[in-house]
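Residue numbering begins at 1 within each chain, and the chains themselves are lettered A, B, C, D and E in the order written.
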Amino acid sequence: SPGTGVDRGLSKDGSGVVAAIAGEPDQLDPHRTSAYFSFQVLENTFDTLVEPGEDLVMRPGLAERWKVSEDRLTWTFTLRKGVTWHDGSTFGADDVVYSYRRIIDEKLGNAWRFDGVKDISAPDDSTVVLKLDKPVYNLLSRIGGHKGLAIVNKRNVESGKIKTRPLGTGPFSFDDYNPGESIRLKANSRWWGGAPKIPSLTFRFIPEPTTALADLEAGEINWTDNIPPQQVERVSQNEDLELDSAVGNDYWYLAANQDRRPFDDPRVRKAIAYGIDRKAVVQATQYGNATVNQLAIPKTNPWYAAYSPYSHNTRRAAKLLAAAGVRDLKIDMLVTKEYPETVITGQVIASQLEKIGITVQPREVDFATWLDKQGKGEFDMLMLGWLGNLDAEDFYYAQHHSDGDFNFQKYSSPEVDRLLEAGQKETGKKARKDRYAEAARKIADDASYVYLYNPDVVQAWAPQLENYKVRSDGAVRFRDVRLAD
Amino acid sequence: MLRFSLARAGHAVVVLLGVTVVVFTLMHLVPGDPVRVALGTQYTPESYEALRSASGLDRPLISQYFHYVGSAFTGDLGVSFRTGEPVTLVLLERLPATLSLAFAAMVIAVVTAFPLGVYAATHQGRISDTIVRVVSQFGVSVPDFWLGILFILLFSSTLGWLPPSGYVPLTEDPVGWLSRVIMPATAVGLVSGAIITRFVRSAVLESLGSEHARTARAKGLRRRIVRSRHVVRNAMVPIITVIGVQAAILMGGVIVIEVVFAWPGLGRLTFDAVSARDYPVVQGAVLLVATLFLLVSMAVDLLYARIDPRISIR
Amino acid sequence: MSARPFSAWSHLLRRPVSAAGLGVVVLLLTLALLGPQLAPYGPNAVDVTRALQPPSMEHWFGTDDLGRDVLSRVVLAARVSLQVSLISVSIALVVGVVLGLVVGYFRGWADTVIMRVVDVVFAFPIMLLAIAIVAVLGPGVTTATVAIGVVYVPVFARVTRASALALREEPYVRAAAAIGAGPLRIIRAHVLPNVSAPVIVQTSLSLAFAILSEAALSFLGLGVQPPQPSWGRMLFDGKGFTDAWWMSVFPGLAIFVTVLAFNLVGDGLRDVLDPRRRSAMESRRDR
Amino acid sequence: MNAPGFAVRDLTVVLGRGKRAARVVRGVSWSVEAGATLGVVGESGSGKSMTVLASAGLLPPPAAVTGSALLGGRDLLKLSRRELEGIRGRRLGFVFQDPMTSLNPLLTVERQITEGIEEHLGATRRAARDSARVLLETVGIPDPDRRLDAYPHQLSGGMRQRVMIAIALSCGPDVLIADEPTTALDVTTQAQILDLVRERQERTGMAVVWISHDLAVVGGLADDVVVMYGGQVVEQAPVETLHSAPAHPYTRGLLGARPVLGRRRDQLTAIPGTPPDPRALPSGCVFFDRCPVKGDPRCETQVPDLVEVGRRHFARTFCPEDQ
Amino acid sequence: MRSEPGPGTGQDAQSVPLLDVRNLCVRFPGPREGRHRSWVHAVEDVSFAVDRGQTLGLVGESGSGKSTIGNALTRLVPPTSGTVHLDGQDVLAARGAPARELRRRIAMVFQDPYASLDPRRTAGATVREPMDVHRMLSGRAERNRRVAELLDLVGLVRETAARYPHELSGGQRQRVSIARALAADPDLVVLDEATASLDVSVQAQIMNLLRELQGELGLTYLFVSHDLAAVEHMSHHVVVMYLGRLMETGTTDHLYTRPAHPYTQALMSAVPDPDPATERNRERILLGGDPPSPLDPPSGCVFRTRCPLAVDECAGPVPQTTVSANHFAWCIRTGESLSPERLRRFVH
C-alpha cells in the first residue's frame, strides 16, 4: 500500500514487477511530453482509440470498431462500453473529443497528426466521428501508433495533476512517484482488456546500462531495456536471464546539408554513402545488435521494401568525389551526446571517410543546441534517428518532401514530391506501398539521407517474468505478463 | 547579532540579485530553444508558437527578468518547462539527496581530516607526518569522479558488495541509503578531507609555534590541555573557513559525482536542466545553491565570532 | 625571511619532492609537444575488430570500445589537457591580477563593485558556471578554456586584491609614495612584483585544478570534442565498460599524476616563496 | 627567605641540523639567588631568550640543548616532560616581550590566569577566580572584576603586560624570568612595570632574571648583570662595577653608544659593523671584527676564556687590563 | 585659534622658517556607532616651525600623533585642516608640477629598516628611485653614478648597489633608506623613528651619520622619536606631544633642563638612567593609568586625566604659556609645577 515505503527491489511478496528504464520521464502528460521514457511508462497507463498489434497492424483499443465512409472523409468509431477511468468514473465519447480537441486547439506537439481533420464530434456517448477535408489513408496509425494521442481525463488535465499524477484508462494506474528514482503503477483490475496478472509495476530510472544489467543479475529488477550493447552477446548466453530482440522500427541516418556546397551535388553525397562501412558502424554503436538497412523501413514493418544500392566501396567513392571535383573536403558533423550512437558513429565515420580524403570533424553539442543548429541549417552533415514511426508516410514525407517540416537537409526532387503526394491519396494498400517504395528508392539513389541501420529492440528479463514479448515498435507492455514463483 | 544578520542578509540579497542577473543572461544567451526541446522532433510551427507564448518566452527579456525576480521574492520560482511542475517543488524533491550526500561526505571529510591534521602537526617532521602529508597530497590531486569510477569497478562490478548507483531517501530506508551513499560520499569526502587535512595541519602547526602557545606551556599546563585549549582552538578560524568552503561546494551539488552515481541531486538536476534549456529550473537551482552558499558563509562568520572575541558581530 | 623568486627555482630543485613534481611537469610538457611522435598508434585509428582488448605487449594500456590504443590516446591527450589548463589559467591570471591590483590599490567604488561581482561568481557552484558558459558558447576546447578561465578570474582577483591591500600599507610602498611616485609607477614597480609570490603559488595550484576542471567538463561531454582524445572524455567513454577496467584506470591515472605534479610544485613554491599560512582560496577545488 | 635561586651551567643551544645548524647559545653559565635580580643584556640575537627558553624546555624542536639548568637543586634539563610541566608556571614564572601575541586572544583574562592556578594549586574555578582578582589588583589593574571578563584585545599594551605578570606570579614562583617585558612599551608604562616587579620582588623574595637590550633598564633593578654577545657571556659583574669599570670592549661600546638623558655629547661611541650570524661564527673572539682594541694576537683565532678581572667580575677577553 | 607665529624656531622676525606648520589637524574615520561616525583625533591644532639646517625633535608616547605629522608633511595622509609651508610655499595647496617639486624637497626615512625597502629591488634601484621619479639628471648612467656617491656618503661600499635588502643588515638597510631620502636632494628630511628598531650599537652609528650629514649638507631634520635621550642628542628644538596635542616646545637646552609641563616632567623622570647609583636614588613621577582613547579625548587639557597637578579648571581652554624665550607650555599650571616635593605627593 502506498505510504509504507517504496519497493526497491522485488516487492516483499514477490508479486510486483520492477522494470529499469534508462532515464526519467520529464512529465507524464502524454500530450505534452516527447520523451521516450515518459512513453515507456504511459504505454501502460493510457489507451488510445486503436493500437498496433504485434504485427504493427492497427487493432481495436478504446474503440471497439470503426467505419470509413465511401469518400473516405468520415470516420466513425464505436467505443467500448463499460470502460472506466482509474478513479472509477466512466469513460465516454466526450473524453475522446476533449482529448483530440485539446491537442488541436492548444496546438500541442502532436497536432500535425490531425492534419486534414476538419471536425470531431460525439453524436452519442459511445460514438466518435472524425470528419476530414481530404482522405488520410493512415489515419489509424496516426491516432493509434503513438501514446501521444492517448485519451486523457479532462478533470485530471484541468487540475494540473496530469503532469505528475496522470489518470488514464490503461491496464495500470498511477500509484507513486519518487523523482529521480522511480515511478510505481498498480494493476487496474477493471481494465477492459482483462486485469493484469501482476499487482504492481515499478519503473526505476537507471541511466547507466552496466548498472541496470548488474541490478538485473542481482535480482533487484526484473526487466530492463538498458543493456550495454557489448554485453548483449554475454547476456544471451546467460541461462539465468531471458534476452530477446526484434528488429526495431527506428532508423538512423546521415544527412548532408544540401544548402551548402558541395553537398548540393548528389555525387558527393553518394560518395559518402559508398565511403561508409555500415557493418563497422553497427558493430561500433550496437555491437551488431542492429540491422543494416539502406532504406528507412525495416523488414518487420508491413511497408518494407528491399533496396540496397550501396556497398562499402572506397574506390567508387573516390571516383565520385573526383568527378564532382571535390578535394580536401572537411565536414562539420553535428552529433549529440544525448544520443551516444551519433558520437560513436561520428568517430567511426571520421576514420572511414579519411580513406577517401574527407575529414570529418564531429561537433558534439547537447540536444537542445543540436535541434537549434539543425533548424537553422548550421551544419554540413548530421546524424540522428527517427523513432516510433509506423506508417510509410511517417517515414518519408516530412523528411524528404520539398515542403516537409523536417526536411532540414533541404532535399528537393519534384519526382519524389509527386510520389509522396500520390502515396497520400492512394487508397489501395498495394498501390500505396508501391508509391512509397519508388519514392524511397529515389531518395536513396539521391542520398538525401544516407540510411545506416535499424537498431534492434533488445530487452532482457528474469525468467520468472513470463509471457513478455519484445515488440518491434519498442512499446513496452506489461499487461499480459505473469510472474512465476 | 541581529544587526550583523541583517547586514549579511542585505549583502546576500545583493549577491543573489547578481546571481539571478548572471544566470538569466547566460541562459538567454544559450543557443537552443526550450520549446524545441520540449516538443521533440515532430511538431508544427503553430505548436511551437503556442508553447512559446504559454511559457512566457515571447515577452521581452527585461520584462521576463523582472517578472521572474518579482515572483522569486514571494518564493515562486516559476514552472519547469520540462515537467510543468513548480520549480520550488522540483528543487525540494532534489534537496534531500544533495544534502544527505553532502552531509555524509562532510562527516567523512572532517572525521578523517581533523585527527590526521592535528596528529601530523604535532608530529611534525616524523615519518607519520610525512605519510599524512603524502596521502593528503594524493587526496588533493585525485579526481573524485575517477575515484568514484574506481570504487564502482571494485566494489560493485568486481566484488559485488555495494549497489553501483541510485538513491534511497534516508528516511525510508536507512540501510539502503547508507549502502548507496557510501561510495559517492567517500569519493568526495576523501578529496575534501585531504584538502581540510592540509589546512588543519598548517593551521595547527602555526598555532603550535605561536607565542601564546609558548605562554601556555610556560604556565606549566599539561600538553593535552595546551593542545586542546590553546593550540587547536586557536587554529579553528582558518580551519572553519576551509570546512565552510568545502561544505558550500558539496552543497552546491557535486555534478560529476552525481552523474557517475546517478544521484538525483541538485547538481545533476541543474546539469540536465541546462541541457534541456529548462531555464526556470536552472535559475531556481542556482539561486538555491547560491543561497545555501551564502548561508554557509554566514554560519562560518557566526562561528568565527563565537570562537574569536576579536570579531565583533553586534 | 622569504627568498625571492629568481632564487626560488634553485630552492625548489633542492627539495626532492618538488623536484620530482617539476620533473613530471617537464615530462608532461615533452609529451604534449612530442606526443604524435611518441604515441605507438594513431589516436583515432578506429578498428572495431580490435575493440576492448586488455593490456598486452602490443597495447600496453589495452584498447577501447572502438579498438583504439588507449596508451596512444592517453599520451596525446596530455597536449589538450595542458593546453586548456595553461591557457585558461593565463586568462584568469592576467584578468584577475589586473583587476585585483587596481581595486586593491585604489579601493573606492570600483573595488566595491568588482568585489560584489566576484562575490556573485563565488556564490555560483563553479562547475555549473563553467557548464553554463559552455552551453552558451558551445562545447569545444576553446570554450572549455574560456569557461575555466572565467571561473578562475575571481580567485586570482581575490588573492591579488588581498595582497595589494596589504602592500598598500607596507612601509616600502608608502616610502615610494612619499618620494612622489605616482600610483601607476607604484603598482608597476612595487606592488606587482610583490604580489607575485602568492599569485605564483595560486597559479600552479590553479593549473592543477584547471586540469581537473577540464577533465570534469570533458567527462560531461562539454570539453574536448571526439575523436580528439582527452582524459576526462576517455573516462566518460570507459564508464560503461565495467569489464574493460583499463579504459577507466589509465586516463584517470594520467589526470591524477598531472594534478599531483602541479600540486607538488605549487606546494613547494608556496613553501619557498610565501611560507605564511595557506589561504582559504587555495582550497577552492571545484567539483 | 630560603627559596631556591636559579642557575644555568654551561648551557649550549644548537638550532637546526646539518649545515644550517645555528649555535645560538654557547656555554652560558650564570646564577641568581633568591631575592636577587640578574640582568641579562645584549643586542638582538645575542642568545638571551634562547638561554632562558632552553632552560625551561620551551624551545621548539629541532633544538639541541646541553648543559644544565638548576632550580632548587634539580636539573630541569633532566626532568621528564610531566615533571617539567609541574615546575613551569609553579616555580618558574615567565613574562615575555610582546604582550600582544603572548596572550591567547580567544580566552578571557580570567581563564588565562586561572588555568595555571587550577593546574598547579588544584584550586576550584571559584577560588581561582578570586585569586585572579586579587592578582589583578596587585599588578595595579583598576576595576579588576570587569577586567577579568575582558579579552586581551580590549586591553592596552601596558595592561596586557600586567596580566602577563599576574599570570607569571599566580602560583607564587621562586623565580621570575622576564624576557624584555618592557621593550614594547612606552617609557611611562615601562616605569610602572619596573616599579611593580621591584615591589613584588621585595615582598616575595623571588629571584628575578631580567632580560633587556638596554643597560639602563637593568641599571636600577639588577644586582648582577650578564652581558651576552654572539651566544656567549662576554662580561659578568655587579651592576655598579659594570657601569663604573667595564672590562670588555663590547660592554664599553654599549655604554658609550646610548645617549644619556641630561648628558649631551657631540658624538656617540658607535661600535662599527654588525653583530655576528650564529650560523657563521668566527673561529676566534666573536667580537673580533668589531673590536676597537684587538689587543692580542690570539683574538683572531682563539676564543678567550671568561676570566676574573675583579671581585665577582668576569670578562671574556685576552686583555682585560687594556681599559 | 592661535594665529601668532608657531612656536619652535623662526622667532627671528626677518628669517622665514624652512618649515612652518600651523594649526594642523588630522582626523581619521573611526568605527561607526550606529548612524554616528566617530573620529580618531590623531593630531589636533599643532603648530611648529623649523629653521634651515636645524633639527626639530618630535617626542611623545605611542599614539601621540608623531608619525601622523610626518605623514601629513609628506602627504601620505590628508590633513583635516591647517597649513604647511616649505620655504614660504604652501605644501598642501600645491598641485601639479609645484607639488611634485615640493615632494622632492621633503624626504622621509621610516622606522622599520626591514619593511621600508622593497624586497625585490636592489639597493641601487631603491636609491635611484627618487631620481627616476623626479627625472633628475640625464640618463640612467648618471643616476647610477650618483647612487654610488650617495652610498659612499652614507658609509656603504659601492657594491651595495647590487645587493638586495635581505642581504643587508639592519644598519645597512637604514643607511640605504637614508641614501634614498637624500637622492632627491631634499631640504627637509622627516626621520620617523629612524633608529628605533636598530640595535643599540647600530643606533649610535646611524645617529652619528645623520649628524655628520647635517653638518655636511646643511639638511633640516624633523626627528620623530619616543626616545627622549635620542631626541636630546639629535635636536636643536623639541616638541613634546601627547594624544595629538602639543604639550611643550622649546630649545633642547631649555626644555630638558627645565621641563615646564607636568607631562614632560613625568616623561623624563620615567627614563631609566644607566648609572645604577643615579637610578636608585632619583625621584620619579609615576603616571597612573593609560592614555585616553583618541576617539574620545578629554575636554580641555587631554593630559588632565593622568596629571598629578590636575584641577577642575584643566577641563577648560588650555592657553599657551611662555616659560622663557622660545619655550612654551600648554598648561594652566605651568608656573607652579616645578617643585619636585610637590610632585612627589602624587607619586603612586
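Going forward, contacts are C-beta pairs under 8 Å (C-beta built on N, C-alpha and C of every residue); 3 or more make two chains touch, one makes a residue touch a chain.
If you're wondering where the values come from, they're calculated on a predicted model, not measured in any experiment.
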{"item": "Touch-network distance, chain B to chain D, counted in steps", "value": "1"}
{"item": "Chain pair with more C-beta contacts, D-E versus A-C", "value": "D-E"}
{"item": "Chain centre separation (chain A, chain E; CA means) in Å", "value": "89"}
{"item": "Inter-chain centre distance, chain D versus chain E - centres from mean C-alpha coordinates, in Å", "value": "32"}
{"item": "Mean-CA-position distance for chain B and chain A (Å)", "value": "39"}
{"item": "Euclidean distance of C-alpha centroids - chain C vs chain D, Å", "value": "51"}
{"item": "Multi-chain contact sites of chain C, meaning residues that touch two or more partners", "value": "135, 138, 239, 242"}
{"item": "Numbers and ranges of chain B residues touching at least 2 other chains", "value": "30-32, 156-157, 274-275"}
{"item": "Complete list of chain pairs which touch one another", "value": "A-B, A-C, B-C, B-D, C-E, D-E"}
{"item": "Contact set on chain B toward chain D in their complex", "value": "124-125, 208-212, 214-223, 225, 229-230, 233-234, 307-310"}
{"item": "For the chain C and chain B complex, residues of the former touching the latter", "value": "116-117, 119-128, 131-133, 135-136, 138, 208, 212, 215-216, 219-220, 235, 238-239, 242-243, 245, 248-249, 252, 255-256, 259-260, 263-264, 267, 277-278, 280, 283-287"}
{"item": "For the chain D and chain B complex, residues of the former touching the latter", "value": "53, 56, 58, 60-62, 81-82, 84-90, 92, 94, 96, 98, 101-107, 115-116, 119-120, 151, 153, 164, 167"}
{"item": "Residue ranges of chain A in contact with chain C within the complex", "value": "208-210, 214, 228, 230, 280, 283-284, 337, 343-344, 346-348, 350-352, 361-366, 369"}
{"item": "Chain E - residues contacting chain D, complex", "value": "61-62, 169-172, 199-205, 207-208, 211, 226, 228-230, 232-233, 256-257, 266-277, 279-280, 284, 286-291, 348"}
